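Residue numbering begins at 1 within each chain, and the chains themselves are lettered A, B, C and D in the order written.
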Amino acid sequence: MKQLSLDVNIAGIKMKNPVMTASGTFGYGLEYSQLIDIENFGAIVTKTVTLEPRIGNPQPRIVETASGMLNSIGLQNPGAKIFIKEKLPKLKEYEVPIIANISGRNETDFVKLAGLLKDIGLSGLELNISCPNVEHSGLFAQNADTTYKLVNKVRKVTGLPLIVKLTPNVTDVTLIAGAAEDGGADAISLINTLIGMSIDIQTKKPKLANVVGGLSGPAVKPVALRMVYEASKKVSIPVIGMGGIVTSDDAIEFLLAGASAVALGTVNFVNPNTCCEIIDGIKIYMRDNKFNKISDITGRVK
Amino acid sequence: MKQLSLDVNIAGIKMKNPVMTASGTFGYGLEYSQLIDIENFGAIVTKTVTLEPRIGNPQPRIVETASGMLNSIGLQNPGAKIFIKEKLPKLKEYEVPIIANISGRNETDFVKLAGLLKDIGLSGLELNISCPNVEHSGLFAQNADTTYKLVNKVRKVTGLPLIVKLTPNVTDVTLIAGAAEDGGADAISLINTLIGMSIDIQTKKPKLANVVGGLSGPAVKPVALRMVYEASKKVSIPVIGMGGIVTSDDAIEFLLAGASAVALGTVNFVNPNTCCEIIDGIKIYMRDNKFNKISDITGRVK
Amino acid sequence: MKIFSVKKEIIENKKISAGCYRITFESRKIACMAKPGQFLHIKCSDTYDPLLRRPISIHSVENNVIEILYKVVGRGTGLLSEKSCGDSIDVMGPLGNGFDYQSLVTCHLSPILVGGGIGIAPLYFLARKLVEKYSNVTVLIGADAKHNILCVDKLKKLGCRVKVSTNDGSTGINGTVVNLLKKELSPENVKLKIFACGPIPMLKQINRLVSVYNVSSQVSLEKRMACGIGACMGCIIKVKNGYKRVCKDGPVFDIKEVIWEDL
Amino acid sequence: MKIFSVKKEIIENKKISAGCYRITFESRKIACMAKPGQFLHIKCSDTYDPLLRRPISIHSVENNVIEILYKVVGRGTGLLSEKSCGDSIDVMGPLGNGFDYQSLVTCHLSPILVGGGIGIAPLYFLARKLVEKYSNVTVLIGADAKHNILCVDKLKKLGCRVKVSTNDGSTGINGTVVNLLKKELSPENVKLKIFACGPIPMLKQINRLVSVYNVSSQVSLEKRMACGIGACMGCIIKVKNGYKRVCKDGPVFDIKEVIWEDL
């Protein structure tokens, strides 16, 4: 039998398997290192880092929903300086590519951040232009023009592989995917969370202090899969698929739909061992279906 | 104690309670009449009727998803003539307002249909400009201009209360809601289904013959609630809320968010008695919270 | 009301072979209305996942006691198999049209029931009804192996003539239930009526077979369902003059009506 | 690894009062690492609904046998209560920081444990550890009524001094556990250390009380959790110098550190 290879190369980021972490659900990797071998992941995407520290949104920040959850963490993070000085060095002790997810209020923030994060051992950058939990109305990723311009500016200041993370809260995700590609993205990732809401009927207040939040988990998988399918037909750069993945079957669906790699988000909270289970499942699937490498699966949906 | 009143008047449609059926999930009311008293509903919205009969999409048409389902029925219906001749007369034997949900490929279809459906005892029309399961790419309700124009044209040919049903597959639902209001809608209803997909990893084919389909059920509730909240703040016409309602708590959440009435869709398949349970639940809630009428609840979220 | 939605206590949920279970519960209302070939629509979980009901045939009705026979193939049936005596079961029914066995007498036809695998489930109820009026009820049962051949003893007890086939020859003839049916059919003996339930490939073979002999046949079909009551148009199949709903216009169809290539 | 995610067979799931249950299971790994005040993160359903784990304190560890004590308040705990002996339970832990009771000796402090309602759950484990070294362990237990006063007998068996209060006076003093605490505190007697767990209003009252006497106190707090491990930032509370995570930096906090107005 031929040797199975789970390696993937996403925009120059070499991963030993196509299973990554989804930003914001794995902290800076360190918390989970007490429970699992974080080197099992193909790559680790950090919680969003911003230029300055952010205290995030008030409580409550989390609501459970049917087969999903709403969060409005609001990008709480210690800021770029502490990330570079305290978090990254510890994370770099592990043999796993590290991708920093970054966000900002405007183009300048992103450009500065991308500048700061050069030459410090990162394997790539993911631009979070799609977080629903910050003040400004309208996300970058809800408009093709702003997406194009932003990606283009960041592209100019970094040689790192650039992943652009898209929001599902749009009429046509292919337009934004195309704009990101044109702007110089090396890959796109999707979906970020769907904007949702929940109300406590007794207090008559929204259950999240921030009123709205981001919906994630198995509930959103059909939407995520459809968008990965649409976007990957549109662009020729690799697509990282995420949104509701729990089982290896889910992960394989995303690969078939057109993803070159997948990311695990909410499922980390439910079953932190999922990465290994998915890798095992993908291996069995490849054997059974005579696929030798991940790219044999990517986009194979008929 | 004051008398509780569950009556609502949605754009001139007088209903004895705010619980309606969601189009496509209750047929033409007749099937369910063998199982429940369909007069319990505040109003019955029919499966979408088109000008000509439609055979709909090939099988499979249904996939179960986490706390939800995908459907791609494709507006199978016997067409306006048979609806008027065979379905409506039987439905009219029940004492309940009947709202015909109509759809078409273009403005002319809608206008013709609205013309045909005058003076036959309907209480209102719902324009389905948001069904994801038909050929043309881009729905009317994904564009404010086309929405405005279409509603405006239909408005001119019918005196019936006009409800415009919106899709959640948009960047900003308030724009479309506003356009519908400007076009002359008497009410808006939302959400129709979210576009989703599912893949059979063994056959590598989409599980729905039509590739994509509409996601409904509890999974979508947070998104639906958020959109009802947003849209009802934008427009001054009544909003009919739907998407994932199962319990009376869910229904009350929609009212608090800004809905003047709610519609039950997928839950009809799961528990056909839900209407009564929700009405009972709303009554208890009104008593406990000293609300005398439904409009006391509408939009009360803080 | 002809259809009911009820929550009942499970009297027994018994494993009767590897992966097959039988649930017994009491419902006077459903029992009164139930006809062979009809089914129940069952909620397998109290939570939203899995969300939809699962269609399961009525296996037996005796007085007010109803039985279903089901095979664990996925999450819904898996959850069902975990229920215990005393737990409640949420069922809607009876649904669908049922077998048409009234015409047998007038047409002087002998019934042959053909069940593949779990397809025997609705046929037992039919056999019970038939033996009340006919002495010549034949039941052909096929499965992959001996331990998956169900209901033989109780069918014999009813007085049916029972023939068995297995793919591995572990009991009965070595072959499929279609092989058994072939033996029953002959140009001389067309005064038969076939009632069949089982996997699509089996039904397709039966279709080819009976079209040769022109034997009157009814088949029970399956499709994924949402409403189960005829409202959602989720479960349609193609028939000679258009589309029909398996849940409401079926699940029992005349074999000639079905567009077999489309299944 | 210091934290484990394991599936274990339930040895017993016993109803110990109206709405309260105790689950017993064995896990050598968790038992070895567990400290009083730490908690487990428990998956209550095998399906996606409800999706998230539920945090439940470690109630007792003896050899490798772990106990949790929980009150049914919603869907998760409801599903947990339906599990039977032999069913599996999916737990992650031990999580959180736990009570700091090492400093008692060096500072010559006497421990007072204050539990309101189900808040007694983590305190029993603490009491067990304390009685190994101290003879003067006081436990104050409050509840609405007699039948909700838990663990009294087993705490007495450990040798603790146990005082009880109920809101309806059906046992112990008529009042709250804060009334009991008041009686223990006096300007002369500040050589105490309080460990408290219970509803927020109770903890707030304790905060006011101890700030008068300046008694060292630790409280165990609750917040809705997603990850339970410190990664998601879902469970933060405001503390004097910023935000802290209840799951990782807590659930036990020094009473002075917490911004009580924000809870």
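In the analysis below, contacts are C-beta pairs under 8 Å (C-beta built on N, C-alpha and C of every residue); 3 or more make two chains touch, one makes a residue touch a chain.
Note that the structure is predicted; figures quoted are calculated from it, not measured.
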| item | value |
| --- | --- |
| Intersection of contact partners for chain C and chain D | A, B |
| Cα-centroid distance, chain A relative to chain B, in whole angstrom | 34 |
| Gap in Å, rounded to a whole number, between the CA centres of chain C and chain B | 36 |
| Rounded Å distance between chain B and chain D, as computed from the means of their C-alpha atoms | 48 |
| For chain B, residues contacting two or more additional chains | 66-68, 217-219 |
| Chain C, residues touching no fewer than two other chains | 48-50 |
| Touch-based graph of the chains, sorted into line, ring, star, complete or other | complete |
| Chain B residues within the chain D interface of the complex | 66-67, 218 |
| Of chain D, residues touching chain C in the complex | 45, 47-50, 75 |
| Contact set on chain B toward chain C in their complex | 24-27, 31-32, 34-36, 47, 55-56, 59-64, 66-69, 71, 73, 76, 217-219, 246, 266, 268-273 |
| Residues on chain C engaged by chain A in the complex (per definition of touch) | 48-49 |
| Touch list for chain D against partner chain A, complex | 1-5, 43, 48-53, 92, 223-237, 242-243, 248, 262 |
